[in-house]
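Labels run A, B, C and D following the written order; every chain starts at residue 1.
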Amino acid sequence: MAYAGATVSARSRGMVRESRHLLFTVAPGATWIVVFLVLPSAYLMGVAFMSNGTYGLPELPLTLESFRRLAGFGFLGWSPGNLYTLFRSLWQTLVSTGLVVIVAYPIAYYITTCREKWRPIMLLLVVVPSWTNQVIRTFGWMNLLAPGTPLSSLAEGLGFIPPNMGLYPSNFAVTLGLVYNFLPFMVLPLYAAFEKLDTAQVEAAQDLYASPVRAFWHAVFPQTLPGLLAGIVLVAIPAFGMYVIPELLGGGKGMMLGNLVATQFSGGANWPLGAAGAILMLIATFIGLFAMRRIGKRLGGGEEVVI
Amino acid sequence: MKINKTTTLAFSLGGLMLAGSIQAQENKLYLFNWTEYMDPEIIEAFEEKYDVDVVQNYFNSLPEMLAKLNAGGVSQYDIIVPSNYYVPRLIETGLVQKLDKSKLGNLDNVMEQFQDPSFDPGADYSVPYQWGTTGIVYNTETFPDAPKSWSLLFDPEVNPEHPFAMMGDGQVSMGGACAYLGHGYDCIDMEAWREAAQLLLDTKERETFSGFTDGTPALQQLARGVTHVGLSYNGDYLFFKDEDPETFASLDFMIPDEGAEMWVDSMLIPAEAPNPDMAHKFIDFILDAEVGAQLSNYNYYASPNAAAEPHLDAVLTEPPVQPSEDDMQRLRFTPSLEGDALQTFQQLWSEVQSR
Amino acid sequence: MSESFTADVTDSADAPPAVDLEEPRRQPSSIEMQGLHKRFGADTVALDGVDLTIEAGEFFTLLGPSGCGKTTLLRILAGLEDADAGELSIGGRTITEVPPHQRSVNTVFQSYALFPHLSVRDNLAFGLKMRGLPAAERDARVARIAEFIKLGDLVDRRVEQLSGGQRQRIALARALVCEPDVLLLDEPLSALDAGLRSQLQVELLRVQKRLGMTFVFVTHDQQEAMVMSDRIAVLNGGIIQQVGPPRDVYERPVNAFVARFMGHDNLFAITARQGDRLTTTLGELQAESPGAGDLLLIRPETLDLLAGDVTGTNHLPARVTERLYRGSHAEYCLAIGDTTLQATLNNRGRHLPEVGDRVTVVVAPEDLVTLSE
Amino acid sequence: MRKRTLKRGLTGFWWLTLTFLYLPLAVVVLFSFNASNSAATFTGVSLRWYKALLGNEQILSAFGNTLILAICSSVIALCIGCLIGYGMYRHRHRKLGWLIVLIYLPIVLPDIVFGISEMAFFVQIHRLTGLLQPGLLTMIISHVTFQIPFVALIVYSRFVGLDPTLFEAAKDLYATPVKRVVHFMLPTIKPALISAFFLSFTLSVDDFVISFFTAGPESATLPIYIWGAIKKGVSPEINAIAALMIGAVAIAAILSLTMSRRRQA
């Protein structure tokens, strides 16, 4: 009996100490994130359910009007503008992520085939442009793609764009900007995956399947899948919510969801509508994350797909 | 150990800076103005006269200005300089405060026609800053025989293959479309709006449409050849022409015959301005005859200051600063929208933008 | 080599190097454990009432299979784990609740746990620095221990440059330099290869004998335990099975677990007994004052093999089914009826029976040990 | 044979990609020296745009704000994130799913949602309490929020990579809890702290959207200034500021390379 009692007290003492330690280390950061991110996000969610004041600020009473507006219902009946924006965002995300994969895959592989002492430098070379501010990076493309620049003239000569027009502003410029902006985020996880590649499996596959395509598909690709999924998460999610690039490179034609949301706040238009758009973005983001996790687990990639 | 030192250093640095900024606020004037709209020498003179530090922030469009006010700016700026059609909504939402006219000794310098404006009856809240027009700026080499008409923007046959931009502020672009369609620049009729929105959508579909650009950057685009036609302001056009005569020799400003915008920018004091006293002093300073003239001479905009007239440069007395009698007839204020009309307009405009 | 140490050596050039450590600095301490209990989670019992006294200056080994609780016991001694119940005292002072950094106890960890951010020298000085010794004395002590453990120029290397054996010795030196009352060693040799291991066993023993410090050594290797220890405690399931000098534990295991763990396979059920005569699955055997218990242990090295059929007391006819020739000795598998018996014969130039030979197994009555399951 | 063709193709593709990555930056730098106000033609080398920068007080203050913001936020995030990272490590056997969600939230939240949430929240707080007026303070708070997770994850993974008995060795060798932190933990994770600080700093300088929505009248950073300048109309002066920032990044890159080289040696 005495023993049982002693156990409980020593044990609970230890647990109290551990819990206090946990609290001490984790509480400041957790509180910070709760106060300065969870609460603000919750507040924004709340704004989405408020009415739009005449001059764009939220007002009572609560209503679902913003979501109706987001779906395209307004004074004028139904109109497809916001759906256009949504699909443009999805389309841009899809295309740019696809392009990033197509470019990053061989690059990541190539780096692993190079001598070990060169690899850190090569990775650094890929990453360094992303250390500059995204506004500057995008500004660089504005310079490059403006009408009259060699690239624009070339595209004009090849008949891709009508005369006198530049490659910017256009949806193409937005895609290009997105690919440029996110390429490093795909190369890094893919490189990590390639570096861990089990070459014995690849050689066995080369023995088993005569064609290199099949060997790639059966031995190389599955092994790089976790890296690929991590890369897709890192590229697609921020690309979907991108604001700067469509704003600068898209002209009036490239509006994406991020711009729709931002305009409601930075153009003084309609806070509740912007908040509803933000909720839509969050839902899309979490669906994307969830889907990637499911795919990752299904295909036996590691638990930690995210980063 | 090293980390500790850095931490302390950074914290004390941060603390110092915060303390510094709080203390400094006491003697500062926060001016929220359009870009390229103030002579730095006037600021210097004002700073010297009242021993104050003027902090300038800029906006490119009125929606942007309103958004910033809503996002905390209402308690951070002492003076804002919006255009006529935004004044009523600022007053109605309580974002600005009534002026203390006893502090404005130079108020009588204001021209008579600006003393009781339609957008601010009795001029209780606003004091005029400059006035001007919004017209079409185009490349004379591309369009040697440009018609004096909105068709340069809206008719694909007049401009089949050169890039052009519309105004970023929806009300101006819609007004232009209305004018082109014959409903007049200041239309507020629902049907007219719908038609105008459709026209804008069709125009956006054209391959040569380059985007919605605010007035000042539109000039930069034109100068750099990104666009060949755009919408901008008469004073800005002259200002940049003076800076870079070579490039601007091939650019011209015109007021379309279908009618266009005339505007008045006014100085207002936000409701929770940190330093309203200094704001009044600033307004009064601008109303001074010589300062008013200096401002207009710098900006190339017409002055609402009657007393300034003798000090104005010659260029300010002729077109495009002073529109010709004929053009004057065609110029209209942009309507100030409120209530359902504003909501409807926002929806139409966001439809135009997002498609 | 640090400045102060070189100075030390030159000052007393003709005297032998000053190794105070040869003489124990303080009296070695005994350890007293009473009713130690420890449980992990709801149903993993690590220690189930351990009462144990370790004498001062003893080389004491905790022996047992993995999961037997030996490491937990060591960690409780070090203060890295709190016992759920029970008392612990070192040198007569109760330290059950004293945190590890206040115990004069040091540990040599299985993974060595050398600090990667520090040089070897700073690793050695770490404990002294934490105790607040002045730099000069730290240097002197580190130099002395380096001399004592024969570290040579290892002191000036970086941790990553060291081999496993070198790390082991640094870890030992790092613990010894603090001159603790008790030194705890958690399987310190298990990661080393066989040659290095026996070399270090000898060295460890030398160190302990010269310092006279109390060593508590944890291992799962019964050979190692027997070589090194003054006394061994065999643990299983959180309970001490047997405590005693190596010979006792090896030759007189108290139960089948200890016997098997010490490497004995010749265990036979006793089906009946009449005085000293035991009936087993091997047949009838005469024992000398057998104890209680229903198992009979016959150690292979106590058996003798005679060629052909010979009769006599404790003479059992058998057939050789397997022979492993090992040079110094040979190991046999013998069939007696349906039962298999193992025997070891020293190779003293005599005839070694071969597979298939009929032989007679002889065992002396005093070599028979009875024990219980 | 086929393998060699593949390798050659990949090498070509590598250089092509590098060109793609550096061309926009190179053009910015090149045209910052352009004598004329043209994006299309390079008419001659001149420093006129840099000279124009020198007298510009706004740029200087934006530069100062950028530095203050990056340093202050990184230091705060380092302290808080380091604690969380250690807490996550120490209690990794517990069920801390909620904490993981919390930590990943700032990473996965789209910038724009992050920015407007903060903005709307700060406006509301200011309206209610008069505190947290948009400015450097609100920007620092927001930046710390998105930096904490990165610091925490870096520190956490460094701890996970350590031999857990090191912690016990430190206790065993008479280190009190405070001394364990000072003499063992901090020195051991120093490389992780340095890279976490560097990453936080980079994230802060790279951010535009969140800064943009939380900035006040006197807290414009270089990215905000450049954004404003682009919005006002592209002028070659922007090339000069951008070129300076690119130069700073290039120096940082070379530094980090030599540092990692030295660590390897």
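Here is the rule we go by: a contact is a pair of C-beta atoms (placed from the backbone, for glycine too) under 8 Å apart; a residue touches a chain by one contact, two chains touch by 3 or more.
Computed from a predicted structure; not experimentally measured.
> Could you tell me which chain's Cα centre is nearest to the average position of every protein Cα atom shown?
D
> As a test of understanding: of all chains, whose mean C-alpha position lies farthest from that of subunit C?
Taking each chain's C-alpha mean as its centre, the farthest from subunit C is B.
> In angstrom, rounded to a whole number, how far apart do the mean CA points of subunit C and subunit D lie?
55
> Please work out the Cα centroid separation of subunit B and subunit D, and write it as a whole number of Å.
35
> In angstrom, rounded to a whole number, how far apart do the mean CA points of subunit A and subunit C lie?
58
> What is the distance, in whole Å, between the centres of subunit A and subunit D, each centre taken as the mean of its C-alpha atoms?
17
> By the touch rule stated above, which residues of subunit C touch at least two different other chains?
Correct list: empty.
> At least two other chains touched by the same residue of subunit D: list those residues.
39-40, 119, 122, 213, 234
> Of all the residues in subunit A, which ones touch at least 2 other chains?
In subunit A, 146-148, 265-266, 271 touch at least two other chains.
> So in the complex, the part of subunit C that touches subunit D is made up of which residues?
75, 78-80, 99-102, 105-107, 109-111, 113-118, 126-127, 129-131, 174-175, 178
> Considering the complex alone, what residue numbers of subunit D touch subunit A?
For this pair, the touching residues of subunit D are 2, 7, 10-11, 13-14, 17-18, 20-25, 27-28, 31, 39-40, 80-81, 83-84, 86-88, 90-91, 94, 99, 102-114, 116-122, 124, 141-142, 144-145, 148-149, 152-153, 202, 205-209, 212-213, 222-223, 226-227, 230, 234, 238-239, 242, 245-246, 249-250, 252-253, 256-257, 260.
> Within their complex, state which residues of subunit A touch subunit D.
The touching residues are 18, 21-22, 24-26, 28-30, 32-34, 36-41, 43-44, 47, 103, 106-107, 109-110, 113, 120-122, 124-126, 128-137, 139-144, 146-149, 180, 183, 212, 237-238, 240-241, 243-244, 248, 258, 261-262, 265-266, 271, 274-275, 278, 281-282, 285-286, 289, 306-307.
> Tell me, which parts of subunit A touch subunit B in their complex?
Going by the criterion above, the answer is residues 52-57, 69, 74-76, 79-82, 84-85, 146-148, 161-166, 169, 250-253, 255, 260, 263, 265-271.
> For subunit B, which residues are in contact with subunit A within the complex?
Going through subunit B, the ones touching subunit A are 61, 63-67, 70-71, 89, 92-93, 161-163, 166, 194, 204, 207-212, 224-226, 228, 338-340, 342-344, 346-348, 350-355.
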